[in-house]
Amino acid sequence: MSKTFNVAILGASGYTGAELVRLIATHPSIRIAALTADRKAGQSMGEVFPHLRHLDLPRLTAIDAVDFAGIDLAFCALPHATSQEVIAKLPRDLKVVDLSADFRIRDPEVYAKWYGHEHLALDLQAEAVYGLTEFYRDEIKSARLVAGTGCNAATGIYAILPLLRAGVIDPEMILIDLATGVSGAGRSPKEGSLHSEVSEGYHAYNVAKHRHLAEFDQEFTKAAGRPVEVTFTPHLLPQNRGILATVYVRGEPEAVHKALAETYAGEPFMVVLPLGEAPATRHVRGSNFVHLGVVPDRRPGWVMVFSTLDNLTKGSSGQALQNANLMLGLPETAGLMAAPLFP
Amino acid sequence: MSKTFNVAILGASGYTGAELVRLIATHPSIRIAALTADRKAGQSMGEVFPHLRHLDLPRLTAIDAVDFAGIDLAFCALPHATSQEVIAKLPRDLKVVDLSADFRIRDPEVYAKWYGHEHLALDLQAEAVYGLTEFYRDEIKSARLVAGTGCNAATGIYAILPLLRAGVIDPEMILIDLATGVSGAGRSPKEGSLHSEVSEGYHAYNVAKHRHLAEFDQEFTKAAGRPVEVTFTPHLLPQNRGILATVYVRGEPEAVHKALAETYAGEPFMVVLPLGEAPATRHVRGSNFVHLGVVPDRRPGWVMVFSTLDNLTKGSSGQALQNANLMLGLPETAGLMAAPLFP
Amino acid sequence: MSKTFNVAILGASGYTGAELVRLIATHPSIRIAALTADRKAGQSMGEVFPHLRHLDLPRLTAIDAVDFAGIDLAFCALPHATSQEVIAKLPRDLKVVDLSADFRIRDPEVYAKWYGHEHLALDLQAEAVYGLTEFYRDEIKSARLVAGTGCNAATGIYAILPLLRAGVIDPEMILIDLATGVSGAGRSPKEGSLHSEVSEGYHAYNVAKHRHLAEFDQEFTKAAGRPVEVTFTPHLLPQNRGILATVYVRGEPEAVHKALAETYAGEPFMVVLPLGEAPATRHVRGSNFVHLGVVPDRRPGWVMVFSTLDNLTKGSSGQALQNANLMLGLPETAGLMAAPLFP
Amino acid sequence: MSKTFNVAILGASGYTGAELVRLIATHPSIRIAALTADRKAGQSMGEVFPHLRHLDLPRLTAIDAVDFAGIDLAFCALPHATSQEVIAKLPRDLKVVDLSADFRIRDPEVYAKWYGHEHLALDLQAEAVYGLTEFYRDEIKSARLVAGTGCNAATGIYAILPLLRAGVIDPEMILIDLATGVSGAGRSPKEGSLHSEVSEGYHAYNVAKHRHLAEFDQEFTKAAGRPVEVTFTPHLLPQNRGILATVYVRGEPEAVHKALAETYAGEPFMVVLPLGEAPATRHVRGSNFVHLGVVPDRRPGWVMVFSTLDNLTKGSSGQALQNANLMLGLPETAGLMAAPLFP
């Protein structure tokens, strides 16, 4: 029987924390040894998340109460800015997968511009690997600190990065129209996340100024070998889970489709639909799968590329577990092959 | 006290028929004299639509059973293709507002191309006026037959037509990304309209081939005085009512905003938000209002224009009543000033 | 032309305040002269509730800034406990319709028991009339202060009160199983009201201890002329509007149905369905109508009575407007006859 | 490595068929060898259910095209009445788990009364074991044909059966108020299952005449050793998955709670909450778990018992797999321990 690794989940009282517990619950080689949540320390996970009450889990504690000696890896599901403070104080030999935005941006000036303050852990920032598994797999295997991607960012990057690498689209003309479920806004009570405000309605938010633009700029510029700036309009959907990006590009549909199909051939979670078909968020719900589609416009030279994933799974906690598997030398797909939940 | 007009609603067992009844229920000068529904003839409206059971309404009958002698105007809420057959047999002096697609397209060849068959009432087609009230008000006042617009088409046209007329955008670069509620698909049982298939999910449908493209081509080409072809990607939302178009154009944001504000100044149902603000479908739900917004992209020269309306009201039955008011010499806003229902 | 009355809405930034504005927007004889909201003073109503942005309304102010000299009636849509403090300071000749729980309970000791503190305005409490229009119409017409009912309480009372009065059911065996939409929980951000927590789920809350029990006890005991205690289990629905009570009683179905039909004959908003039919929340959405149904159980002597209304309209702001109409000598149904919004 | 068993899923194009595929996809010892769907024969499962497109599955075929020689067990997810015809023609040594209503009722006369026709396979009916695992485990282990329970029936029986066996409630006073998601109505297009008809609404259906009453009568009478008839009112929820029963009984809360806790001690999927807590459908979504709660009424001697499960999983396909595991000699929980999906 294979070795069992102990993990801690820091910030277990939010949706990404709960999603990690859900996924790890049936993982063959990972054991949850510690769960932290400052304001809910002392409570059981089943009190905070009754859907997990059948599980035998450690009680929530403060971070200070965790003995990291026996921990192989920590998932950090804390809010932005808090994350860098906490990780800076963790043992330097502890493997860490961070789900916040704190370590996604390579350039400290770009980070400061988008996030509004200087970074407080520049050495860690320099060390962190961007957690987009399919494009950074080798670096992740040997990384100590992996920075989970933005969920919207991942959705868009999966559609576009292969096209820029292959040189099959015009890098000046990339428009990302995206719609996301509300669970991405977290469990903290906010007027804009209330059922009465979200259901039976749809609108754009943070138009042209969403922070995930920083990730698009970073990854697309690197992939294209020249500055690339995209237009990005996120919308809020009246549903809990799922992101779908509709990307408008200029190129030949067959070449676009081929670039995606070839890039993702052999990838366990990436499904490229036949040319002409469009995916739906509901068909990846609760899973680590990404569905991609390419549809030619009626106007020659225009192409729509669709990309969809579950923001809490592949866009966040599923991706984190996939990376943790790599960092611990486990099979990359362990605990992640459950089929989507539909309907 | 003012005159009361008698109307018939042909095809009253669908959602647009019921919406007409809902709106006319409190109209000060219109009385519902006949309601038809072939398969449900003999039933009361309260049996077919229990939300209308408090109203004193005529029973549903077959169309043949209607005596049109005392009818001033007929709303025709029948399926496409059926509508042209039925209207061709109506008295030629009866005013008609048609809610189907049958009389929207001016060019018979274009109609045949998009709808897959020759038009069966070419003389009526030649006579019909396109029912986009704000742009065809004078023609509608004197029209006998008005063709209601497509609901998606209206949403997009409201955002774009003033910009083409004012010449403030590049007519070669217009992308319409649109999301619509499911009530637009009607009350006929279809797998794709089931709650289990629609809720908690989002996807694009009829990509690059939606029939409302024919209306876009017709109206935009006319407004620009040159051929205009747009890209159009409709999506299905997990909600009943509401359409939001996110339109990507090239131009200066201030000029775009000014063109909308000036075009719609004084219009009773058109609300142009301050520059930089984006509207939401939930804020026009159940009403005849349209909310429009303009947001500059971070990339100079790119602008996002948002347009939202309720597909069953302003996109269909509310528009039809607005046009009927004009055709009957009534105040245009009669029966239509109810505020949106939120939450 | 008839006189126009000026009203103030105190606490206009919550859902019941916004619903009052929505209803009054098309009222022929009432004008909104003042809107207050302490924390949002200075903002426009359109900023706080974009669905109302087409209306020409006074800006939100603090209560202290309102000149009540020209106000005929004030709607008080403030939180429980705050309401009694505010109303105690209003001019004593100002008509007031209170939407909070503060003046519903006649017995100060019962109030203190259920609400956890002594009442601070006992003289007002003594003066207040319970706002269940169909049963207190005459008192309401001459009242200065009317206490709006609880929305769940109204739903249950409409089903049961006529049966107790008519003596057709066993007062010892009344079980109220009720389900309500989430807008009743208000606009204040709470974890339990988030879309992610409410949608795709159903559960009972405040079982056997909901405060509306105090209203049931008060009204049922009065109607029966003997102490009546019921069992009451409220549930939260994944929808915004609507309450449906399923009431289990012992009696003969025909007698039960007859008692309801006779009690509500001639009532403008009360619809009693044919014996054997059950109503649905969606068929009263956004309206002031109540639908009632009676279905015999398969077991002789058992009957299910169903009652449904929109919690924000007939359960709260619509009821308040109906009462204000009576207090101002206006037609009771003014501004309230709009048909439900479906779908 | 353990033996792998081959199964066929007959009727794989419906929701329960797809749910079986979803669950078996990660089952360690079961392989899907055949999938049938008469009208969709020839299609791939990924075309019919895109959420399953990452799986390597056999194509859909007609039942006649299946070679049952290599099949160890067949799941029959066909419509009622069809099921008995199909199963009657299957090899008599093939193990079968039927998900329809055809073999649930032991008494042919009772079957005929509730289902409206004579049973066509009386010998099979005599042989079938009722598939409520926790109460028929030993019979199921050695059964050839297991009849899956009704999903509503299972929800109610889990709450009540232990109480009747323990004799802690009055068998004359059992009221089951139940609410269910819409996926239980299946994938066949019906007006009543449309998103526009289901969302934002709640109503009772089949009041006092739902067919699952036959299962209640059968199981409760057997457990109590005397005739037991209950009152049962099912409601439709605006959500896809989940059933919650609120059961009103007479007894002592502690005794009721104890009877449940003792009955389900050691059961892998049955979670009894602490006395006073009520469960929610969302906390068992997509899982095989059942959450049960007991809350005392304010009136002495009355108790509310809550029971919730996912209709497609524990109420249907999950139960079927659990029974199949037993019939094949596999660990009962294999493939079924995934935690619920929340939010």
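So that you can tell them apart, the chains are marked A, B, C and D in the order they are listed, and the count of residues begins at 1 in each.
Following the convention adopted for this analysis, a contact is a pair of C-beta atoms (placed from the backbone, for glycine too) under 8 Å apart; a residue touches a chain by one contact, two chains touch by 3 or more.
By chain, with names taken from UniProt: A, B, C, D = N-acetyl-gamma-glutamyl-phosphate reductase.
Since the model is a prediction, treat every value here as computed from it, not as a measurement.
Among the pairs A-C and A-D, the greater number of C-beta contacts is found at A-D. Within the list B-D, B-C or C-D, A-B finds its counterpart interface, over half of the contact pairs alike by residue number, in C-D. Centre-to-centre, using mean CA coordinates, subunit C is 40 Å away from subunit D. Per-chain Cα centroids separate subunit A from subunit C by 45 Å. In whole angstrom, the spacing between the mean C-alpha positions of subunit A and subunit D is 35.
The multi-chain contact residues of subunit C, meaning those touching 2 or more other chains, are 15, 183, 196-197, 199-200, 238-241, 279-280, 282-283, 285, 343.
Here subunit D touches subunit A in the complex through residues 15, 18, 21-22, 25-26, 49-55, 183, 199-200, 240-241, 269, 271, 273, 279-280, 282-287, 289, 291, 337-343, going by the rule given at the top.
Here subunit C touches subunit D in the complex through residues 175, 177, 179, 181, 196-197, 199-205, 207-209, 213, 229, 231, 233, 235, 237-242, 244, 246, 248, 278-283, 285, 295-299, 302, 304, 306, 308, 343, going by the rule given at the top. Contact residues on subunit B toward subunit D in their complex (touch as defined above): 15, 182-183, 187, 189-191, 193-200, 238-240.
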